[in-house]
Every structure is written in C-alpha cells, then in structure tokens.
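Common to both upcoming complexes is chain A, partnered first by chain B, then by chain C.
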Partner chain A sequence: MPSVARRRTLAPYAFISPFYLLYALFLITPIGIGGYLSLTDWAGLGTPLWVGLDNYTRLFGDASFLSAVVNTVLYVLFSVCVVVPAALLIAQGLNARGLRGRDFFRLTFFIPVVLSPIIIALVFTLFYDREYGLFNAALRGFFGWGGIDWLGEPSWAKVSVMLLVLWRWTGYLTIFFLAGLKNIPRELYEAAAIDGAGRVRSFRNVTLPMLKPVTAFVAVTVMVGTAQILEEPMLLTKGGPGEATLSVAMFIYREAFTRQQLGYAAAAGVVMFVIVFFIGRAANAAFGVGREK
Partner chain B sequence: MSDVTRRTFLRRTGLIGGGLLAAPVLSACGGGADRGPAVTSGAVTINFWTHDPGYVKTFTESAKRLSDAPNGAFDYTVKATQADSEALVTKMVSQGAAGTGTPDMIGIVISVFPRVMTGGIGKQLLLDLDSLVAPVKDDLLRTSPYSIDGKLYALESDTCLSVMYYREDEFKKNDIPEDVGTWEELAEIGARLHKKTGQSLGTVATGDNTSITNAFLQLLLQRGGGYFDQSGNLILHSPEAVEVLDFMAKGVASGFLLALPDPYGAPNTAALKNNKLIAAVMPNWYNVYGLQTNVPEQKGKWRIRTLPRFAGGGHIASNLGGTGFAVLKDKPNTAAATELLKQTYLTKEGQLLRFQQGGFLPTLKSLYQDKDFLDVEDEYLGGQRLFDVYTPASEDSPVFYQHSQLNVLIEALGGPMLEALQGKKKPAEAIKEATAAYNSKKGN
Partner chain C sequence: MSALQTKRAPAEPGARRSAAPRSKSPADRRPRLVYVLLIALVVMFVLPLLWALSSSFKHRGDIFTYPPQPLPSPFTLENYTRLLETQPFWGWFATSTIVAVVSTAVSVFVCALAGFAFAKYRFRGKRLLFDVMFSSMAVPFAVIVVPLFVMLIKAGVTNVYFSLIVPWVAPAFGIFMMRQYAEQAVPDSVLEAARIDGASEFGLFTRVVLPLLRPALGALAVWSFLNSYNSFFWPLIVVSDPAQYTLPLGIQSLYAAEAHQVDLVLAGSVLAAIPSLIMFILLRKQLLDGLTAGAVKS
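Let's turn to the complex of A and B:
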C-alpha cells in the first residue's frame, strides 16, 4: 500500500488511541487487577497468595457484608422513591410562573451540594443529638415530645442517613428537572387546559411524559450513585450504631483499610461492581435511556 | 512493508500500552530515592509522618536541639507530613509495595497498629527496636501494644493514663465526696444526682463500634479484664467483662452515665458547656484536646483523681489511646531517625520536652518520681499538681495486649454491646454473642 494511503488508514486510529490507552490504563487495568486480587489473600505488601474463590465463598456467608447489602438496598430505594420525586416536585414549584426570587431558591437548594461534607457531618451530628439536637428540640416544641435517639438507635440511624441524603442531593437533582421543565413547550399546557385538564392532570399527562428522558437519566444516576454511597454514613455514623448504617462501599473500605484484607475487599468490590453494573443496565433498559422514541 | 490491518494495529497499540503500564511498575521494583548509602553523620532530612501537630512540634524542637548539641552526629531537618492516622499507614504500605517514598519515621496510632501486624507488614517495613530499648527495657511503661511476636516495633509516645476528671465546683455544690472509694458507691451517688439535677458523672458512647467499645475497654482493663492475653488468646468472655458491661448498662438506665453518639463530638461539648456532664473517665490527653479546647471557660473548675476501684478488684487507673513511633528499616536515614527517636523518647531531656511541648506523659517509670515532673502544676486544673495523681496511677495501671484481629473483635462487640447498653440484651448474652461472632469472623 502506498505510504500516503497507509497514513490515511492509520490516522483515525492514531487520533483515537490516546483515549483507549488511558482507558486501558485507568479503567480496564484497575478492574483487571481488582478481579485478580479478589482471588488472592493479600495484605498490601509481598506476594498475593492465590486462594481461588475462597474470598467470595466467605463473603456470601459474612453477616456484616449481607447487612451492608441490605442497608445499601434501602438507601437506593429511598433515593429513587423519595429523593427523585422530591426533586421533581421542587423543580415544578420553582418553575411556576411569576415566582419571585427563583434564583435565590435555586441557590438555596444547591448549597448542600457544595458544602464540605465535614461541615455537614459536624452540623448534622449536633442536629441529630438526642439531648441537644435541633430535631428533638423542634419535636418537643411542636408536639411536646422529642426523645428520639437519632444516631444511637439502629433504625433511626438509618432514617438519619436517609434524611441527610435527601437534604444533600435533592437540590442538585432539582437542577436537572428544572432544565427539563424549561424545555417543555408552553403550547402543550395550553392545549391541555383547553381540553379541560387541571394542574394534576397536566402534570400527569404533559409534564411526566415530556420529562421521561430527564427522569430516566436522574433515576439511573441516582441508583448507581447511591449503590456506592460512602460519605453520608461514613461521616455521620461511621456505619454505626453497630453496623446499622454500614454500606457496601464502607464495608469495602473497612476491610481494605482497617483490616488490611485487600483480597477480601477486592472481592466485595467486584461483587459491588457486578451489582451496580446490572442495576445500571436494567435501569437503562427499563427507562429507555439513550433510546430514540 | 506489509499492510497494517486493524488487528495488527490493535496488537501494536496493546504492546505500547503494556509498555507504558510496565514502566512505572518496573521502575518501582528497581527502587529509587529510598536506596543508597546509609547516612551516618552530617546533614540529614528526616521524612516524618504523623497525625498530630503536637508531635511535629516535639520532633522539630528535639531535632533542633540535637543538631545544636556540640557532640551531635547529625544536622537534622524534619520534613513533616501530617494526615489522618489511617491514611498514613495506607500510604506507608503503598509506598512500601512500590519500594520507594516511605517515611523515615512514622507515628502509628494504637488502634491502627493491628494493620501493620497483618501480612508481615511491620516485620518487612519497620525496624525492630529491641536493641535500642535494651538499656531501659525494664523502665519502659508500655511496650505490648506495639510488639509483634515479642519484638518491639514502635515506641509509645504517651502513656495515656486514664483518670477521672471532675468538676470540683459542681461536686461541692452537690455534696459529692471527691474521694469516693468505689465505682459502685459513685454509681449510687450519680443516680441520685441525675434524679435531682439531671447531671451525669460519665459517658458511654452509642455511635460507631470503636467509640462504643473504647469506653468499655477502658473500664474492662481497669477491672482486671481485657480483650486478649499475652499469648493472643481471646479472654473477653469473662466475669469481669460481664460485670463491667452490666455496670455501664445500669449506669445508663439510672442516668449516672450519659449516652452520647460520640464522646468527643459536638453533643459532648454541649453537655460539658451546659454543666450536664460534670465528670468523665478519660486519658491524660483529654485535658488538652477535650476540655481546654472545648470548654476553655471552665478553666480552674476541673480536677483529676485516680479512678474509683471496682468493689471486685482491679486497678486505680486505665489506658486509652496512644501512638507508637516507628523507624523504617533499611533506608539511608534509618540510623539518623533511630537516633532522633532515641534522644526524644528514651532520655529524660526528651521526655520533659515532649511533656512541655505536647503534654505527653513520660513513658519511663523512673520519671514519675523525678522532681522536674513532680513539681508540674496545671493551670487549667486549678493549679493541681498532676503527678500527685499520675504517679500512683502509673504504678497501678493495667496492661493492654495488642492483636492483629482487634478490629474484627471491635466489629463483633459493637452491636451486641450497644443492645446491652440500651437495655435490650443482658450483658452476659451480649458478651457471649460477641465472642461467638468474633470466632466466626476472625477467619474472614
């Protein structure tokens, strides 16, 4: 082949090769190494000892891991069933015609996302305190009763983490919905009104269908993100009380960096990767993300 | 030259990619800045990793003094890296695996030390300090938390003696004797006090597993129990453990002890500020890091005393926390770092400097009788002579035996213990359950 023609053939590959090299270096290689480590017993130094599927066998019999999976599933369900609809409703409110101070509200809802997690943890630890906390004080003020041990009682600790997730991420997701709402033609609402549709019906028959691509994107992102939740339980409860708020990502962190069981942690990481991957694929298929109508 | 097919191109790209990946790995295996001739004198820069600014101050000052000394072999510069205690060990292990970039000296927090006991990490990276401490071995207070297979790999930086802090003004106001003899008597007084004023004389933690178990361990050691014995056998399932947990659970139920998610966090500070918490069992460092930091306005109102005994026996003091300083072995600066550690931690001058710079209690028994320490008065504690309390405490404090699986035990114990503290489970059941869970988890 003449050299000019050969160069032309190679040129596209040369242009795209940096991406694939970096992709291989920073994604495929770590995944491969993680997969290999999951089949070994390794403390981080020296030669990993091949143990086959032992780590996986032990993992599925480990009560702590199963507890972490259950907690994570609860967090995911809460995020999808509560946080996403809450974000949509707030966006709907912010999109109302004639709303004054819209930018102020947007800023207010977005602030939790940019606040340092450390500050959030400090403030919320105090909010949730049984004796001096804001929440119990409010409950006492309004209802004359407020002795909830938010962070010390296992079931309330889960609720506390979920409320923090709600507070932290709802505003962020609202921005996506608001952008989607802005793109819905006004004519559709006008046509619906002419047909006699009220606000609820317009919302159900115009807003929701038109927002489907945004909702799908948000739902999938939230599912995958929450399945890897680490910061909120780590900072608020450190997985406690006991293991009541332990998430899978925290479990992996704990095994790797407090017990130095890197092979075992890698096995948990592989399991989490597989679960998140299939959740993502299933959600994509269910919501039709990326598909033309 | 033949045509380049897509397959050929991908193969070649793969080779280039593989080369790129292999280069840093091979370079790491080949060694780097950590290799070279040993520095035996002259200028030396010690890479020093710690989680606590107090240690940076201490070692920097100590290095300066040694450099200025007329017969000093080394002219030290301390390059300090400060980070979270867990992160420091993670980074040390990663750098150890890479073969370069490890520190010359590192402070390893006692609760993190089990990590270096795992997989031979400590033995591979850290210098065995047995020969260094041989001349003063019998004078050292704590070596067991930083020993692996009988060899010492880090020097304790602070004896971390647990004593009872109490508000002298509140005790007087409520007619509480300052010299109550036993925990059982104090618990009765505390229950009456709580009923009358809502105040408490101590805390238990209900948050994460480490916090929950720390308060328990402190009292368990005092009572004469422990988690592991010297040979590494689990000894948790003991009458002492059940007794201590029962004592704590009853204390929470009566209000004598205040349940808080975090014994060092904002709610604890609020309890101190509101005079709701007027006593606490805490180590010596709580004075500076707990009280002086959070309630400076209560200066002069707090005092310390040795712990009331348990009626069933035990000690008058306990331990909680600690940081062991280790030297990385087979590095050019190993000798210089060892000398710095020795002069800072194994001499009276070094121990006095540590106490003055960071409030760290001596780790040599003999210094608890030394006039320079005995005369120390603490302004925050109303001018109290500290060693009137710490000297007898040092003579009757328990031994804590470290174990590579300590974190597994903490995970196993946290949940059942919390249930016992909340009155949902009998203490004996909780201890039994925790022991069974540990035995099942330790193989993981």
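Let's turn to the complex of A and C:
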C-alpha cells in the first residue's frame, strides 16, 4: 500500500494516462504511418513501394492539388475576413443594452451547428437549384431576373460554398464574441464616453483590445477549421464543376478512397499537416491562446 | 424619416445620459434597428429548416415547382411512410444513437478525469504534457484519416462500433474545457477536507469532483453527442456495409442514388434532426456557456 503522499504524486499521471494512451495510438501512430506512407507508392494491397520524395514532387506539379490549395486558401480568407467580422457585428447587436430575447436570438443563430451537415447541404441544394430554387426565385421576384447557375458555374459555385460556410458557422462564432463582450466592464465604455469617444472610437479603443483573447481563439479555430473544409463542397458540389470548389481535404479523400493512391494521399496529408499545424502554433503563440497563468 | 421622428419624441428621456448630445439620434434609433436586423437574421437561420420541414410533407412533384410554394398542398405523409417502409431507417438511427451515446459517456469521463488532473494537481512535466495535448487540436483530421484507416484494416478491426467510437473518445478540446471549469469550480479546501476524511484520489474524483463539474459535464456531453451523431466524414470511410450505416450515411446514400430521392431524403433529414434539436434545446444554456467559458476566461 503506497503512502498517501505517493498516491498523490502518482494520481495525476494515472488520471491523464487514458488520454495519452489514445493519443499515442490514434494520433501519433497515424501521423508516423502517414509520414512513412507518403514516401511510398501503395494502392492498399501488397507491400508499399518505396519512392522517396516522388509523391511530393508530383504534388507540387499537380494542377488538381494546386487548385485545391488555392480554393482552400480562398475559403480560409473568406472565413477570416467575412465570417469572423459578421459574427462580431452580430454579437455587438446582441450585446446592446436592454435587448430583449437575447437568449432566443443566440439559440436560433446556433442551430446550424447542431444539425448534420448532410441535412444542411441538402436544403441548400434545393435553394440553389437553377430553375426551382428559392434564391433564383427571390432574385426574379425582386429584380425580375434570376438565372444564376449557383452550383454549375465555377465562380458561383465557390460563392455558394462560401455562403453555406457563412450560414453554418457565423452563429457558432457569435456566441464566443458575445461571451467576450459581456466580460468587458461597462465602466470602460463610460470612461471612454467621458473622454468624448464616439461609437467608432470606443469600439476601436475599448472593445477590440478587450476582445483580443476571444478574437484570437475564434481566429485560430476558424483558420484551423476552414483549412480542413470538406463537407460543404463535397455535399454541395462534389468539388465541381470541374475542380472549382475542390478543397485539400477533399483532394486527400479522393486520392485515397476513390483512386486508391494511398501514398500520394498521405503525402498531401503531410503537406496539409505542416501548414495547418504551424499556422495553428504560430497563431497560438502570437495570441497566447490557452496559456493564461 | 417619420419613424425616426416619432421614436425621438420624448418616449425615453435620459436613456443615455452620459452620451454626448450629438450622438443622441443614432443611439435612440439603434434598438429598433438592432431588432430589425436580428429578426432578419432569425429568418435567415430558420428559413432553411422550415423549408425542409414543409417540403417533407409535399408530394414528390411539388418539391420542385416554380414559383416555389411555401406550404405543402396537398399535404401528405407519404414521404415518411415510404421512407420507413422501404429503408432501414430505424437501423441507421440505432447505429447513430448507440455510437453517440457510448462515445459521449466515455469521452466525458476521460476528459473530466484528465481536466481535473491538469487543474488541481502539481506534477512534473505538467506544462509540457499540457502543451502536447493542447497542440493536438491543431492536427487536421484529414491528415490522420488515411493512415488511421490503414491501421484499422491492418489490425483486422472489422467492428464498426470500435472504429466509429474508440479513436475519438479523448478530444483535447474536452480536456481543455474541463480544466478551465475545474480550476474555478473545485475549491482546494474541499479536496483537502475529503483527503483528511480518508478519501482515495479516485474516490475524490468520483464523489467530490464530478458533482462539482456537473454543468461542464452537461456541456461536454451535448457537444460530444452532437459531434458523434452528426459526423459524416469518418463513418463514410470506415463503414462500407449498408446494413451498418449511420443516419448521415443512410441519408447520403439515398441522395447519392441515381434518382436523387429528395422526397425520402427530406423526410429522413427531418426525423434525424429531431434528436439533435431536442438535445440542444434541453441543454442549451449549459452548452453555450460551457463552450465559451474556456475561451473568454479572464
């Protein structure tokens, strides 16, 4: 029977061990195997054939992969430049003093996150329908013309995916901003008002600096999340037309599971890992997310 | 302009005493404008759901019409009866529910245990271990998908439940959330008192800590239930036998079929959304507050 003090030293290790066991098995091991596979040519049967860095050189010359990277970068930029500010604005609105029904609004805006992406994508497919969809019908109703080929024309298809991203994630980010805004002491605004600051200046001088930690969290979440975008383009457009909406995650899926190029897919995975992981780490370090104390 | 004038009339004198006079008119106009915008957003967020609900009661031919008809006429339950008669809907539902419930139970336990250890013990390597755990959140899912799939195949794992549940029961986000909550919700004095009474460390966790963590446990439970119940990508990869499909896979298979069985898909989507919405509505406050607690802790 170990002493009380000894039990107390060992207990935390025992408590965190289930996590690290799973972590080693289902995260570290796959990353290692992925690294190895990326250096091989393998269709899933027999022994992987060692090819060195061939997959990587092939990747950088692969037009599909490059357009997947460009599309993914566009999605990330859209999230950071449009979805995040939209969420912040909505949160500002929700934080208005004396607003009634705040919880109702907050809940409603959160609903998209609760639903399965397949359901959401299906409804949007109906909306985007060129002849019978609600979007074109609304355009016809308001402007007398609405013949946009939402999912069939390359640039509109990108827009359609982005609109879906906007619809699906804005409410989720809003709750973080709202919680952050509620944490800002009223006195700071009152002090700013006494100093003669208008709405814009107090937003810039009080709200933004005070929201920095939340903004950092939201920005990192959004970047890392959107960099992995898969469901929206896959379910809405299958990456098409052509490869106009293909994302990196979809590219990996396609190479691995429809074309059986497991080594090649693993290489694309490694490239994605390096980019996302370091963006995430750099952003975390810059903003100090998760490191208070 | 006239609406603005009436609003500015003495309706709410001194509502913003501290504001400079010049900013008065936008300040008074603001609440109404805010409501208009927020209600417009509610419409945007709810419309797709209502549309799906309404369309699920339409005849197949009425789903695509021009101009679009908001309400089903005639109203029919045929899509639902046909879905339940021709598709193993309840089988999909059972698989999804079992997977979601088991993963939720296990992951809440694992995360609470680890989160408690990080919050309330001092131990060597804690900082490093925490950083290692935390940075795993930045590992893209798409990266481990291929090798993990290969591993499971090579290890001869054919049990769908194992593949769907086990790799995902210890999300770093959950541990982070639990640590944030445990730090402020579990007073050291309570732990010391229980130790003096002779509680073992694990007994301390189950009898003292878990009850104190209850709100956060609820939040994590909904979060992990929804994640699992709605997940699409991983099941798409590991489940190949239609008899073992989860709900999202089943619905997707209907839609991917040659004829795009939109009528059945809509009925299935509505039914599949019910448990998520119920879960969410029951535990909404805990979920929203719990999710944000970690991010905005001052």
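Here is the rule we use: the second predicted complex is superposed on the first by the 261 of 293 C-alpha atoms of A that agree within 3 Å, B and C clash if a C-alpha of one lies under 4 Å from a C-alpha of the other, contacts with A are read in each partner's own complex, and residues count from 1 in each chain.
We take it that a residue touches a chain if its C-beta (ideal position, glycine included) is under 8 Å from a C-beta of that chain, and two chains touch if they have at least 3 such contacts.
Not measured: the values here are computed from a predicted model.
A.B. asks: Based on the shared chain A superposition, would you classify chain B and chain C as clashing or fitting together?
C.D. replies: clash
A.B. asks: Identify which of chain B and chain C touches the larger number of residues of chain A.
C.D. replies: The larger set of chain A residues in touch belongs to C.
A.B. asks: Touch check for A:D62: first (chain B), second (chain C), both, or neither?
C.D. replies: The answer is first: A:D62 touches chain B but not chain C.
A.B. asks: For A:L173, is the partner it touches chain B (first), chain C (second), both, or none of the two (neither)?
C.D. replies: It touches nothing on chain B or chain C.
A.B. asks: Name the contact category of A:L45: first (chain B only), second (chain C only), both, or neither.
C.D. replies: In the superposed model, A:L45 contacts chain B only, not chain C.
A.B. asks: Identify the partner contact of A:L122: answer first if only chain B is touched, second if only chain C is, both if each is, neither if none is.
C.D. replies: both
A.B. asks: Which partner does A:F257 contact after superposing on A: first (chain B), second (chain C), both, neither?
C.D. replies: A:F257: touches chain B and chain C.
A.B. asks: Quick check for you: in the superposed arrangement, does A:F109 touch first (chain B), second (chain C), both or neither?
C.D. replies: After superposition on chain A, A:F109 lies in contact with chain C alone.
A.B. asks: Should A:Y132 be classified as contacting the first partner (chain B), the second (chain C), both, or neither?
C.D. replies: both
A.B. asks: Looking at A:R7 after the superposition, I want to know if it touches chain B, chain C, both of them or none. Which is it: first, second, both, neither?
C.D. replies: In the superposition, A:R7 touches chain C alone.
A.B. asks: Which partner chains sit in contact with A:T29 here, chain B, chain C, both or neither? Use first/second/both/neither.
C.D. replies: In the superposed model, A:T29 contacts both chain B and chain C.
A.B. asks: In the superposed model, identify the part of chain C that clashes with chain B, out of 75-83, 111-119 or 237-245.
C.D. replies: After superposing on chain A, the stretch of chain C hitting chain B is 237-245.
A.B. asks: Overlap of the chain B and chain C footprints on chain A, residue-wise?
C.D. replies: On chain A, the overlap between the chain B and chain C contacts is residues 9, 13, 20, 25, 29, 44, 122, 126, 129, 131-133, 257.
A.B. asks: List the residues on chain A that touch chain C in their complex, please.
C.D. replies: 4, 7-9, 11-16, 18-20, 22-23, 25-27, 29-34, 37, 44, 90, 93-94, 96, 98-99, 103, 105-120, 122-124, 126-127, 129, 131-134, 137, 141, 167, 171, 175-176, 178-180, 183, 190, 193-194, 196, 198-199, 213-214, 217-218, 220, 224, 227-228, 230-231, 235, 248-249, 252-253, 256-257, 262, 265-266, 269-270, 272-273, 276-277, 279-281, 284, 290, 292
A.B. asks: Spell out the residues on chain A that touch chain B in their complex, using ranges where they run on.
C.D. replies: 1, 6, 9-10, 13, 17, 20-21, 24-25, 29, 42-46, 58, 62-64, 122, 125-126, 128-133, 149, 151-154, 237-244, 254, 257-261, 264
A.B. asks: Could you please specify the touching residues of chain B with respect to chain A in the complex?
C.D. replies: 3-4, 6, 9, 13, 16-17, 20-21, 86, 90, 93-94, 96-97, 112, 114-115, 118-121, 124-125, 206-212, 258-262, 265-267, 270-271, 274, 276, 407-408, 411, 414-416, 418-419, 422, 437, 441, 443-444
A.B. asks: Any idea which chain C residues touch chain A in the complex?
C.D. replies: 18-20, 23, 26, 30-31, 34-35, 37-38, 41-42, 44-46, 48-49, 51-52, 55, 63-68, 110-111, 113-114, 116-118, 121, 123, 126, 129, 132-151, 166-170, 172, 175-176, 195, 200-202, 205, 226, 229-230, 232-233, 237, 247-248, 251-252, 255, 262, 265-266, 269, 272-273, 276-277, 279-281, 284-285, 288-289, 291-293, 295-298
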